[in-house]
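Mind having a look at this structure? Questions to follow.
Just so it is clear, A, B, C and D label the chains in written order, and each chain counts residues from 1 on its own.
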Amino acid sequence: MATIAKTVGLNRKQVAWRIAQEIPEGSYVNLGIGSPEMVANYIPDGREIFFHSENGILGMGPAPKPGQEDGNLINAGKKPVTLLPGGSYFNHTDSFAMIRGGHIDICVLGAYQVAENGDLANWATLDTTKPPGVGGAMDLAVGAKKIYIMMDHLTKDGQPKLMTSCTYPHTGYGVVRTIFTDLAVIDVIDKGFVVRELAKDMSLEDLRSKTDASLTLAKNWSVLNPPEMN
Amino acid sequence: MATIAKTVGLNRKQVAWRIAQEIPEGSYVNLGIGSPEMVANYIPDGREIFFHSENGILGMGPAPKPGQEDGNLINAGKKPVTLLPGGSYFNHTDSFAMIRGGHIDICVLGAYQVAENGDLANWATLDTTKPPGVGGAMDLAVGAKKIYIMMDHLTKDGQPKLMTSCTYPHTGYGVVRTIFTDLAVIDVIDKGFVVRELAKDMSLEDLRSKTDASLTLAKNWSVLNPPEMN
Amino acid sequence: MINKEVQNIAAAVSYINDGAVILSSGFGDAGAPISLLEALAKTDVKNLTIVSNNAGEGNYGLAALIKSGKVAKIICSYPISAGSIIFQNLYNQKKIQLNVVPQGTLSERMRAAGAGIGAFFTPTSAGTKLGEGKETRIIEGIEHVLEYPLKGDIALILAKKADRLGNIIYDKSARNFSPVMAMAATTTIVQVEELVEVGEMDPELIITPGIFIDRIFVHNK
Amino acid sequence: MINKEVQNIAAAVSYINDGAVILSSGFGDAGAPISLLEALAKTDVKNLTIVSNNAGEGNYGLAALIKSGKVAKIICSYPISAGSIIFQNLYNQKKIQLNVVPQGTLSERMRAAGAGIGAFFTPTSAGTKLGEGKETRIIEGIEHVLEYPLKGDIALILAKKADRLGNIIYDKSARNFSPVMAMAATTTIVQVEELVEVGEMDPELIITPGIFIDRIFVHNK
């Protein structure tokens, strides 16, 4: 048997798994487009969670079996989904009333950057050659009770995404509660980053070198050690 | 056969009949509490009109047969009604969105006073010993496309109700389109009262003596001569 | 497994604080949560503010709650129904405060609370006694008043059917204020006639999704 | 007898003026009135403003209308779907104007137009690039921006079933923007799959009552 090279940190599925563990039974949850959608796959068996989609669905279920897709039943990323028993449909205005009105317990979003005071930048880069597009990101940022961020700790180019302040255009101010990266779970507390969990074989010093802001280690921090997933 | 003493003017049913003739097919109509409710009884056969009730009904039908009343199907006056085929129910917020948003073509209201500039006073008197109550009157006044007033030309005490300006608390400003009284049909045009129809045996001079504002006779005025109704 | 049903009516109206703002559904008797209101009258809560279209009739439901002396203030559109004797007597004795709000503004203010709108301009009541003291602005040539959200601590509402998740449907014009009050309160308590299985209701027909409902009391007629 | 059905698609999109503001329903393809949009592309109307969540995909529906050169401006929340090639090319050539509005604000501005609300304060976009130039106010400690109604001359929407009075029901998440756009336009034109008899729809289930609908085009698949 060949030895497999060990890399530090979680893969995308493991981060989704970690976030799923954080969601209490009975929560009303909106999952942002892209990686956050994966969180739904890892909710512990028997834990009842209600997924909201901005386009007017509550009680969204998993993707349909091949051949069972319905173009009128899609999620915010416009991918086919299903409706669970007890689910419901409503119009866009009512859907954003739920969001803006503070009825969504948890929203999991991706991000370009998060600042230590909880500021979020996830809708636009500094590239102005492409048209802008915001979708529901700003409504979710101000409306959901808790914003969780699911993102890589560094950009593909190795640049920090956790910052003293965002350099990309803001989506919302002081809205992020917790950031789940491939390397750590970090809470925003009193306008500062507090490391609650560190990936196995990851040191706080390593993490600091990958973060453009101060990091405090929580007293009761622990090792972030999800099950193997491939 | 005894001779019946002739009184000038229309009875309540005849005024309701006259207003009903004024409502074009396909109109969405809200009838205020009290006498205006009678208008629904005189819509010409075959003319399709949709009655809206502020408590969340469109397509309201007549009163049910005795014994068929349903406490969950009532009009704005809290009297039992029915729902016609093609009718629908909706919540209060949506109902007042219809009203305030200008989707109601015609609203027929009672009034204490109407001023020559179209101001309406129909929600409160000067008696402050009783608690105030407004219901949906102010929303209807500002929201409906056309406000028709159904009222006696004079108060029970013989005081004019068509005024230079309202002395009772205002419901809305410049909102009244046409006033249907027992003596005349009067349009509000360019901030003045224009008599379009006069009850049989009623002279303009008589009407002026019963009105606390200037009256102009329309060029194409006619005699208001409804069928006999008792 | 989530189950929002409470086992008895006392549990339905428990943990309501003194001074709470209570949104109470109904247009007259249609849609009024009579049993919940009467159960609340039997608790020892005090100094309540009630938001409701009317001020109760006869001596049941909201009128019974008012009679119990627990209501310090009523915010409503129409407290002058012929049967609102209990309220009107207390009002004449200056033992209860009254804030009259136009019906559409009442509903829209609760919607703003439920929908996260900070304030809104409406033409309703501009220039009238009910608009006095309010910020005004001319928009598109029409005078508007600025109205603020009306949020409840508790909503007591009536519906026809619920499932254990709190999905709800109503009966005819008894729907009226219940959906907006369910959105506008921190805790919404619904009195229903029937509890059905999850999945039994048509998802296109659910009027109030369970996200707005916290406790379900099944009232067996 | 009222009958809002039009006899063909050309009649459905007739009498639309140059410079009209068109509200076009749908979230991606779900709920988009593809046939109405393509019929509009074949008319000689010009200088349209389109309000829609997205900016069209592929070369059908809204993308076909954009390609026809009739659209001067798009107001939307998300014009950057992978398939929005036609829009993005015109945008890069500065041949079409773009106004990006947060999705919830887009919907709420149309609701304000439909509900007679003069303006409203929302926390969404406050302090961001999309809130620039807007009146702001701190309400309950939170910065809000003032947003104005977004009214359409025409709404083009999609539904599942209609009756001749214009009562409408939708299919699943294809409902999305149709109900609010139906409220917010002077003239609302609906593309439906099926026309049913008056009274056939459950009155509790009618999502958009006929009061909001002006013309019905039955699209036989």
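A few remarks follow.
By definition in this document, contacts are C-beta pairs under 8 Å (C-beta built on N, C-alpha and C of every residue); 3 or more make two chains touch, one makes a residue touch a chain.
Values in this document were obtained by computation on a predicted structure and should not be read as measured data.
A count of contacting C-beta pairs for A-D and for B-D identifies A-D as the more extensively joined pair. Rounded to whole angstrom, the centroid-to-centroid distance between subunit A and subunit D, based on C-alpha atoms, equals 30 Å. Put simply, the C-alpha centre of subunit A and that of subunit B have 57 angstrom between them. Rounded to whole angstrom, the centroid-to-centroid distance between subunit B and subunit D, based on C-alpha atoms, equals 36 Å. For subunit D, the set of residues that touch two or more other chains comprises 108, 111, 115-117, 122-123, 170, 172, 203-204, 207. Contact of a single residue of subunit B with at least two other chains is seen at positions 83, 89-90, 96, 99-100, 142-143. Contact between chains, using the touch rule, shows up for A-C, A-D, B-C, B-D, C-D. Those residues of subunit C whose C-beta lies close enough to touch subunit D in the complex are 108, 112, 115-123, 137, 139-140, 142, 144, 148, 169-170, 172, 202-205, 207. Of all residues in subunit D, only 27-31, 53, 77-81, 87-88, 91-92, 98, 100-105, 107-108, 110-111, 122-130, 143, 170-180, 207 touch subunit A in the complex they form.
Per the touch definition, subunit A reaches subunit C in the complex via residues 25-26, 28, 46, 48, 50, 52, 58-59, 83, 85-90, 96-104, 142-143. Listed in rising order, the residues of subunit B touching subunit C in the complex are 53-57, 70-74, 78, 83, 89-93, 95-96, 99-100, 124, 129-139, 142-143, 169-173. Every residue of subunit C that touches subunit A in the complex is listed here, in rising order: 1-2, 111, 113-117, 163, 165, 167, 183, 198-199, 203-204, 206, 209-212.
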